[in-house]
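Multiple structures follow.
Next come two complexes built around subunit A: one with subunit B, the other with subunit C.
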Partner chain A sequence: MSEKTVPTGPEADPEAGPWRPAGRRRPGGAPGRGTAVPARVRLAFAAGTLVAVVAVILVVPLVAGDAATRTVDYDAVLLPPGAGHLLGTDDAGRDVLVRAVLGARVSLVVAVTCAVVATLLGTLVGAVSGAVGGLTDAIVMRVVDGFNAVPHLLLGILIVALYRGSLISVVVSIALTHWTTVARIVRAEVLSLRSRPYVDAAISGGASRRTVLVRHLLPAVAPQSALAAALLLPHAVWHETALSFLGLGLPPHLPSLGTMVADSRDDVLLGAWWTIAAPAGVLVAVTLAVAGLAGWWRDRLVPRRRSELAL
Partner chain B sequence: MGTLVEPPRVVQARVSATRTARGGRARTVRRLALARLAVAVPLLFAVSVVVFLLGAASPFDPVYQYYGTRIFTAAEADVARTREQLGLDEPIWRQYLDWAHGALTGDWGMSRSFGQPVADVVAERLPWTLLLAGTGLTLAVLIALTLGVVSAWRQGGWADRFVVTAAHALEGLPTFLLGLGAIAAFAVALPLLPAGGVADATGETGFGSTLRHLALPALVLAVSQLPWLILTLRQQLLVAFADDHVTAARARGLPERTVVLRHGLPAALLPFVTTVGTRLPELVTGVVLVEEVFSWPGVAGAMVRAGLNVDYPLLVALTLLATGAVLAGNLLADAAVLLIDPRTSPRR
Partner chain C sequence: MLSGTGLVAGYHRGQRVLDGVSLELEPGSITGVLGPSGCGKSTLIRVLALLHTPEEGVVRLDDHRVDRFRHAAPAALRRQVGVVFQHPRSAADPRHTLRRIVSAHLPAKSPPQETDRLAELVGLTPDLLSRRPHEVSDGQLQRACLARTLGTDPRYLLCDEMTAMLDASSAATLVHLIRAQVHERDRGVLMVSHDPALLAACCDRTLHWEELARPT
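This part shows the complex of A and B:
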């Protein structure tokens, strides 16, 4: 949470807050401020969770061995959490903890790849569109509108269905549906940067359009696109797990968190709650932690926005 | 609400606003609809072309789809003849024109995964999806309006803190987990509601039965859409409460209820309606996941089945249908904004 607990539009005074009777006013500044969880605490929670998850992802495969996810043991089917298997086993006798950890690894790697690809594509398109302007800009923005009108998950399903079974098709389907937000942000930023004196100075100094773009505009929008990438991460995790949950995601030898949730649906009805608890818990923890970190960063960079996943 | 003081009309000397006031709203809305139609038609055309090219470039051979496992034993000549009959040996533009001609005349092709014409699949399943999506969206908007107003009115109070925290937490909870959790809680642990489908095994279909089957999926869909709606409305309300006209209303000593509901809320409602419109693609995503989790017999569930079976004609039709629905929804939202905007209201 930012220092300002009152999210405001451009015309409102953030310090004043809404009017309220004096009797209800809290001591010490704006109403509600004294009771909000400090930004530092939330940051610590998010960072701590993420560090813990990454540490577990790095350590558990070392201890358990990479093959543990595929070790099927029909003598140990649906064991509840206990000594041998800390978080129990699934319907094929595989260790839920090891599988959840490896699933988180797969999901995170896919999500990071998607976010990076989408951000690169969006930054490139947005920067060129904003810098060139005119007809190009108009056309590019119509294309962006068009991409936004097609529901993301449907386009994802279509692409994965037609180019099934590979990591690349999943990455492409997520990147293709998520670059537009980055392109919008970068374009707006470039448009505002274009009228700065230092850009005028570069142009009157004889710099070519390309030089201005590469040397002067792109470095200036870099923080914004890095932030956009961070904000895309939870979306990408979410999107990948949703596709995998529907059976249209990663191939079976890459156990994603979404695949695990889908697999455990029937087991849960038999009472084996632990098969879904581990992947669901990791999924929610990772998403919230990444979103929390990204939100904290955004609040520092763009102090007016508050909602964390909404871009 | 009987108020002696008329709510203040925000003075905005925008040219378009005055013109609207004179010309009537119907004309403005009609003009908006025409402008959107001018965008929607080329856009749907472009989407269909792109989808068609995606299909043409994909490694899947529709002939394999046609034959299934029998392709391994089929004679070469037969396969070639089928290919010719299906028009698969023609150039891609020719195939597209054939398909577009069919689509415009109502023939969307055969759905292989359902063994029915695509038009029949859609006609059979669309009402269920509309029922689910409509109920879910209505619930989401109603809950968001209530919680958003309560939360913004007592900003910083316990209700506000609870609502905001819950909204942020829900943002991180995928819809399919929410659905599975709801089934585990309200269908398995406490057997109150059915876990899926639209009818019991007895085949009984009445209003009460449908309502019971609808309750859980619609609620899950609504909750999955809630966080963004609540947070947007709350934020817009906070902005509105700081506006001059709200301060003026308070200075006149109007009751708190009137100030919040008649002076603050209308100003915040415009961006809220726009948000609902722009979030329609997310609603479609939510419907896909909810229908899958609850085995709801709608078109979104059909999309998943079509995807799993590479049922290309159905995939194309449903993608275009969803795009059209999103465009229509955006238009509705913008028209609603025009209609409820007090600045464009005709003079009394």
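This part shows the complex of A and C:
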């Protein structure tokens, strides 16, 4: 039987240009994305989108007022987009644009709070675990494994089911299910840092574990933690949306992107597509913009990755 | 006297970097250890500086037998043995200014003049103290690291190829400074290097690695 060989390297496709390892980008291309869109264009698009969304979130409530989200007008039910209501009205006659903007505000506040709480908790646990090491580290990491073994959404549902209808329960459920990722990143970084000679020098000079942690380790992992928080932000938005969509998140009177999508299910079947278009559009725009900015930051923070990709 | 007797140490189970190494360091003298790269000189320094726990052997510091190492060792004991590392770039926190690096081992309530005194001692000008490690040369950074180590006023100073990254002029200045410290402060100094000329020029006695490493 003749042996079949798979061509690799330059001979595989002579017209494909110089050979490079799989997954590496061509020189001049966008780093790590496998796309032809330059990094600066993606950055400008992401930053512009986020600035626009934040500006709208700040301006619209001032113009419309919070009462606009609660004003029910049964003479104006399911009006399509038009002059009076730019993005139409929902099944209670409420302005969809105003509710979508205020919903985005609530979702973003919840997501930012969740990301900050999860990052602080994960950084603290990961740093202490990595710095102390030994049995403490082993026990903490098994606890982390235990948290990771349970599906995040399931654990989140369990927590909000116990204290449902509360903003705090949503924040706690998302933060408690996402700190483990940050803890793992920070622990790995601390394990690498604690063998550096400047840490040895500090120990030799009589520094306590706490001093080494506060003076050297935490400042060193702070950029990684901040990046983890930024990467967690879009995920937290989706998590809050999922919980609210399932009816376990925020109370119905508090507009969030999730509650709006959940409310619009029946309206869509009646042909009122605009009731879901506005919250879904804001959701996609916000998450893509934040994820784009976080990706750019990650590429800036880890230059080694860029140089490897530029081979 | 700082001594290590029958030291066995490594970084992975079953791998012995030090295998029955013994060394005594007297106050007021400079002892040189000459050995090729990778023979275990830096590990010996880490063990004697109480930064690495030996698998076997005894470390004694002025007749006090040391049983615990790194953070477990009493801070007062750790502060009696200072270390100057080979690579100043990795021995200094890149986020700190030279002033913060120099004052790192001083007591929390030390006046700024104490930092200035240490900086002057090693020949660092005041304008350098506001810079960060990436803004100064290797020689200047190594001086800052030496000043930091002297901040604890250690009885013993362990120098791990401290001049390997420096030019001849900077190396000569640091060696001169170390000699002055030995005579003025009665410190015991261990200099390890693979450069016989350097050790011959500055050490009171020079030992070859083979003389220290006698397998148990």
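Observations, loosely collected:
Just so we're on the same page, the second predicted complex is superposed on the first by the 268 of 311 C-alpha atoms of A that agree within 3 Å, B and C clash if a C-alpha of one lies under 4 Å from a C-alpha of the other, contacts with A are read in each partner's own complex, and residues count from 1 in each chain.
Following the convention adopted for this analysis, contacts are C-beta pairs under 8 Å (C-beta built on N, C-alpha and C of every residue); 3 or more make two chains touch, one makes a residue touch a chain.
Bear in mind the structure is a predicted one, so any value in this text is a computation, not a measurement.
By the document's definition of touching, of the two partners only subunit B reaches A:284; subunit C does not. In the superposition on chain A, no contact is made by A:130 with either subunit B or subunit C. In the superposed pair of complexes, A:249 makes contact with neither subunit B nor subunit C. When the shared chain is aligned, no partner comes close enough to touch A:103: not subunit B, not subunit C.
In the superposed model, A:200 makes contact with subunit C only, not with subunit B.
Counted by residues of subunit A touched, the larger count belongs to B, out of subunit B and subunit C.
In the superposition on chain A, contact of A:208 is made with subunit C only, not with subunit B.
Against subunit A, in their complex, subunit B makes its touches with residues 39, 43, 46-47, 51, 54-55, 58-60, 152, 155-157, 160-161, 168-169, 171-177, 180, 184, 188, 227-228, 231-232, 235-236, 238-239, 241-243, 246-247, 250, 281-282, 284-285, 288-289, 292, 303-304, 306-308, 310, 312, 315, 318-319, 322-323, 326-327, 330. Across the interface of their complex, subunit C is touched by residues 196-198, 200-209, 215-216, 219-220 of subunit A.
Those residues of subunit A lying in contact with subunit B across their complex are 5-9, 11-13, 16-19, 26, 30-33, 35-36, 142, 145-146, 148-155, 157-164, 234, 238, 241-242, 245-248, 258, 261, 265, 268-269, 273, 276, 280, 283-284, 287-288, 291, 306-310. Across the interface of their complex, subunit A is touched by residues 46, 49-51, 70-71, 75-76, 78-79, 81-83, 85, 87, 90-93, 95, 104-105, 145, 148-149, 151-152 of subunit C.
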